[in-house]
Amino acid sequence: MPLASPLTGVVPPVCTPLTPEGEVDTASLARLVEHLIAGGVHGLFALGSTSEVAYLTDAQRATALETVVATAAGRVPVLAGVIDTTTARVVEHARTAARLGADALVATAPFYTRTHAKEIAGHFRTLRAAVDLPLFAYDIPVAVHSKLTPGLVRELAEDGTLAGLKDSSGDEGALRRLLVGLGGREGRAAGPAPGFAVLTGSELTVDAALLAGCDGVVPGIGNVDPAGYVRLYDAARAGDLELAAKEQERLVELFGMVDCGPESDMGRSSSALGSFKAALWLLGIVDCRATARPQIPLDDDSVAEVAARLRGAGLVPVR
Amino acid sequence: MPLASPLTGVVPPVCTPLTPEGEVDTASLARLVEHLIAGGVHGLFALGSTSEVAYLTDAQRATALETVVATAAGRVPVLAGVIDTTTARVVEHARTAARLGADALVATAPFYTRTHAKEIAGHFRTLRAAVDLPLFAYDIPVAVHSKLTPGLVRELAEDGTLAGLKDSSGDEGALRRLLVGLGGREGRAAGPAPGFAVLTGSELTVDAALLAGCDGVVPGIGNVDPAGYVRLYDAARAGDLELAAKEQERLVELFGMVDCGPESDMGRSSSALGSFKAALWLLGIVDCRATARPQIPLDDDSVAEVAARLRGAGLVPVR
Amino acid sequence: MPLASPLTGVVPPVCTPLTPEGEVDTASLARLVEHLIAGGVHGLFALGSTSEVAYLTDAQRATALETVVATAAGRVPVLAGVIDTTTARVVEHARTAARLGADALVATAPFYTRTHAKEIAGHFRTLRAAVDLPLFAYDIPVAVHSKLTPGLVRELAEDGTLAGLKDSSGDEGALRRLLVGLGGREGRAAGPAPGFAVLTGSELTVDAALLAGCDGVVPGIGNVDPAGYVRLYDAARAGDLELAAKEQERLVELFGMVDCGPESDMGRSSSALGSFKAALWLLGIVDCRATARPQIPLDDDSVAEVAARLRGAGLVPVR
Amino acid sequence: MPLASPLTGVVPPVCTPLTPEGEVDTASLARLVEHLIAGGVHGLFALGSTSEVAYLTDAQRATALETVVATAAGRVPVLAGVIDTTTARVVEHARTAARLGADALVATAPFYTRTHAKEIAGHFRTLRAAVDLPLFAYDIPVAVHSKLTPGLVRELAEDGTLAGLKDSSGDEGALRRLLVGLGGREGRAAGPAPGFAVLTGSELTVDAALLAGCDGVVPGIGNVDPAGYVRLYDAARAGDLELAAKEQERLVELFGMVDCGPESDMGRSSSALGSFKAALWLLGIVDCRATARPQIPLDDDSVAEVAARLRGAGLVPVR
């Protein structure tokens, strides 16, 4: 399906439920997609960082994307992460994603290797030329260890390389500079890149991002409470920022689950991904809360903390 | 003068004008203070990073603080930065600041040496016990290379060590978690640290910070356009976030001056500080736009760019 | 072929020559392997960082490894890099490498995702259990943004998970602590992990590393001058450290080629890889000096600088 | 006293013993200086990082320097650290150090503020012009968060700004490039900066540094075992690198004391400084093992571990 221009709304990065053996659990994934669509989301981002894309083999990635596309069945657009180290590898993922029915691609700057702004620009341009799907840049320095500057993003927005940005940099000042450079809250449509979408991945400050002029949000914890983010988004769009902020505060409390895993035992990324999956399991949406290797599973105390966070946010565990 | 509890409003970090010989230009500094107070600011932060505190000798720091205190003359409170590597050195600055009439102190975590959360907590507690003035923690990882976690700040807020936080971390997600932990937008007064002030130093996202529940802002470019930040603050307090965002966007454009200095010649900090001083010189507020050594002076092209930014924001250079 | 225990000597990471179209140039690669073996190297490391492994598709990786294995033809062992983000993906590369005839595997810690020591340990253990080939840990924080601590490496050496370490961390102090912990220069054979090989990737300080007790070296610029590194190694093994240091100094001068590409145009990694390939092209070993996308090609001035470095080190360009 | 040109040998950074109240214990400090001179050291570095310079007030710094100068009494030269954020502050420390009888100055790049190579060069040049004492650059990225490049150091060596370098960067490859650029192991005297001294602060790889052509070493743990480092240095100078390496290995084992403090309680810097002081106390050289605030004191278990390390290295605790 063609993407709205710009893409707007709540576009959660879809978790990839696994079986106890570590394979993609397509039945659970289909239920999760239904849960998200029922929550009112405006799009789905498959194979993102929250989807554990970095932990999935190519075959598993394909299975996950196929399941999301098939379940969405055109009700909402599906963006596909094409996450790999450099251009040739990313182009291969992009071709696969196009073949499997993705509506748009999401790619990071090169990683593992040290890179440079000119190389990053070439990377996105080559990718855009190779596969004819709308391309989103994924700015995630915590993973790739370089930052997409507002100047570079704007250049690639203006020349049509990029259809949008998913900003997970946490650098809200740079994001604001980009938004103002694109025309600001009221001038974007008459600005240098009218159809360019700016989506924030900073799920704790979505009300603020929408106030600043962002078009949408890609919230990891939106897997757990998609309806909450939709309410937040709708309130902000309707101009009721007080209500949006109130909903955001509830979601901030819920988000506290990401620290449930002990720091002595596991990385912060594993704790966060584990907590989202534990929440989905507690809510009865997925059958198993396993995360991919080599992540350490959450212990029972951590899962109990997730359950408490759910209850605190008005969500009801069924296990 | 006693500080409001919590401290609220616009509290710019006051630039320290220098003579061509590199000494504190007290006449220019007094004019700058009057310019800020005329702009409606609610407090003054002397000897902050934007004040070039790291470049000033102890004697110069004293001269600057005395001038700010004397010129303010009780019309607004004066917070004094006590910036040094570790506890004993900071305590000395704090005693001097108290003697010179500061109304509150602002201190960072230890730097130069590698530190630890328990050591940071001890640092602030020792400082609070040594000098009886309200104490603000200054979270500025770009300078001190450690981050004050929301948990640590909350602990020091609850036990009365800290009267507030100046958050220049740029980590708006962590800031939101702190604010929610303190009770959120509506629950702060009944929360665990009712008088604790949360001030943002992220001058490009002040509308968003006020929406999130921050009490005020410490904007470097507020030296140049204090009235703009006061309008932004007043609009947000009055619930008119649309107006606040519009003002914020104008200030984001103005802020673009910080990149006027060529990257091949100078650090980004020097470019920013140089641009603020060039703007104050162009506006006729200070007599000389020199920055302290070893910073590289801005060239004429850079100053012309600053002038263009001023005009673009509706401010009128007089030189 | 079975690996020596421990593996010793000069084991260069083999560059992957490309055609102008960006495909693996197997004829040039075979010539390069012959050049290295003729230089006296003791092993070959295919699909390392210097091999542009992060830029090659899976099919290209297979072609490169097959060519190296076939050309080496059992004269020296072939280690294969299995570089990918996390366990499941690395296991797939490892199975392929085993099938294609690699004699050992070289794997990094997980990257892209934030990780943890316990997860890294699990990663290596799972990999070792999945594919029955000697496993080397590749410590390269500049690429993966975590450091393998001496304690972790020693634990995995003692329990038999690891057959060796390729240390490209540049942290010579930590390396010395590891070596001393394993028994030191004279006590390794009677120490806790007698067959464990410690190879340094710090090609500018190989004399020092051999003095400290390292077993060998994996020098990127060993592609260009393998015989030089073999002389260095032989001198050190014979106890003539003066001669080793003299050879090392010549190689340090030669290594200066890595900075030939302008910093304004390209990353440092691209400049280094481009210079190695330019040198191999100038020496007539490979047909084309292209590097993989999105790296920026070296300009003619840069190539001239490479040629000057070759001549300065006594090597003779033929183009 | 005039410094040798270049300065050579073992130049430990002298610990600053404190009283239980946190003041400089001059009697203990004098004993420590005698211990170091008796151990055969070739110079003393007062007010370095290991001296807790970042924790001492200006008055305490003066007391410490005066004590070291008076006790050394011209037997060995005294280098004084002039550690502060930027030029004007460092110049003040330099004037004080000159007045108190220091034979040379040791300064870092600016810190707290973000800096730039051109600003660093100006910083050292201004400092050299302001105070007429030999000036050493102190490259310590872990503290100041910028690295002095070999090119910058060489430029400042060639133009006479710097008399030497104390390299605590841990970047042995960059150090080797500098040494080779200055003429290498045999060509330094006929090179571009013949009197320039290169001292390593990497105390675990001193044998390797001397092999590479370094002139001397500034070992923190040389406070505890100065005679060991002198033996190491003498062996390397006499060409007996095997003996040097053996001594180095013993010192690496001894150095293990730096990790005695629990990571959950204190920074790694505090643990290391605490272990050195505990060792000096156990050896009966200083009266109190206190470190400056806000460092956490070592607990008894940690001190016992220090004692075990001493015994393991053949040193005999008297407490």
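Read from first to last, the chains carry the letters A, B, C and D; within each, the first residue is number 1.
Keep this in mind: a residue touches a chain if its C-beta (ideal position, glycine included) is under 8 Å from a C-beta of that chain, and two chains touch if they have at least 3 such contacts.
Bear in mind that the values here come from a model prediction, so they are computed numbers and not experimental data.
S.K.: Averaging each chain's C-alpha atoms to get its centre, pick out the one most distant from chain B.
M.R.: So the farthest one, by centre of C-alpha atoms, is C.
S.K.: Looking only at C-beta pairs in contact, point me to the busier pair out of A-C and C-D.
M.R.: Of the two interfaces, A-C and C-D, more C-beta pairs touch across A-C.
S.K.: Compute the distance, rounded to whole Å, between the mean C-alpha positions of chain B and chain C.
M.R.: Each chain reduced to its C-alpha mean, chain B and chain C end up 49 Å apart.
S.K.: For chain C and chain D, let me know how many angstrom lie between their CA-based centres, rounded off.
M.R.: The separation of the two C-alpha centroids amounts to 34 Å.
S.K.: Which chain D residues touch at least two other chains?
M.R.: Expected reply: no residues.
S.K.: Could you please write down every pair of chains that are in touch?
M.R.: A-B, A-C, B-D, C-D
S.K.: Going by the contact rule at the top, pick out the chain D residues touching chain C in the complex.
M.R.: 170-173, 176-177, 180, 184-186, 202-205, 207-209, 211-213, 239, 241-242, 245-246, 248-249, 252-253, 255-256
S.K.: Note which residues of chain A are touching chain C in the complex, please.
M.R.: Answer in residue numbers: 22, 49, 54-58, 60, 83, 85-89, 92, 110-116, 118-120, 122-123, 126, 142-145, 265-270, 292-296.
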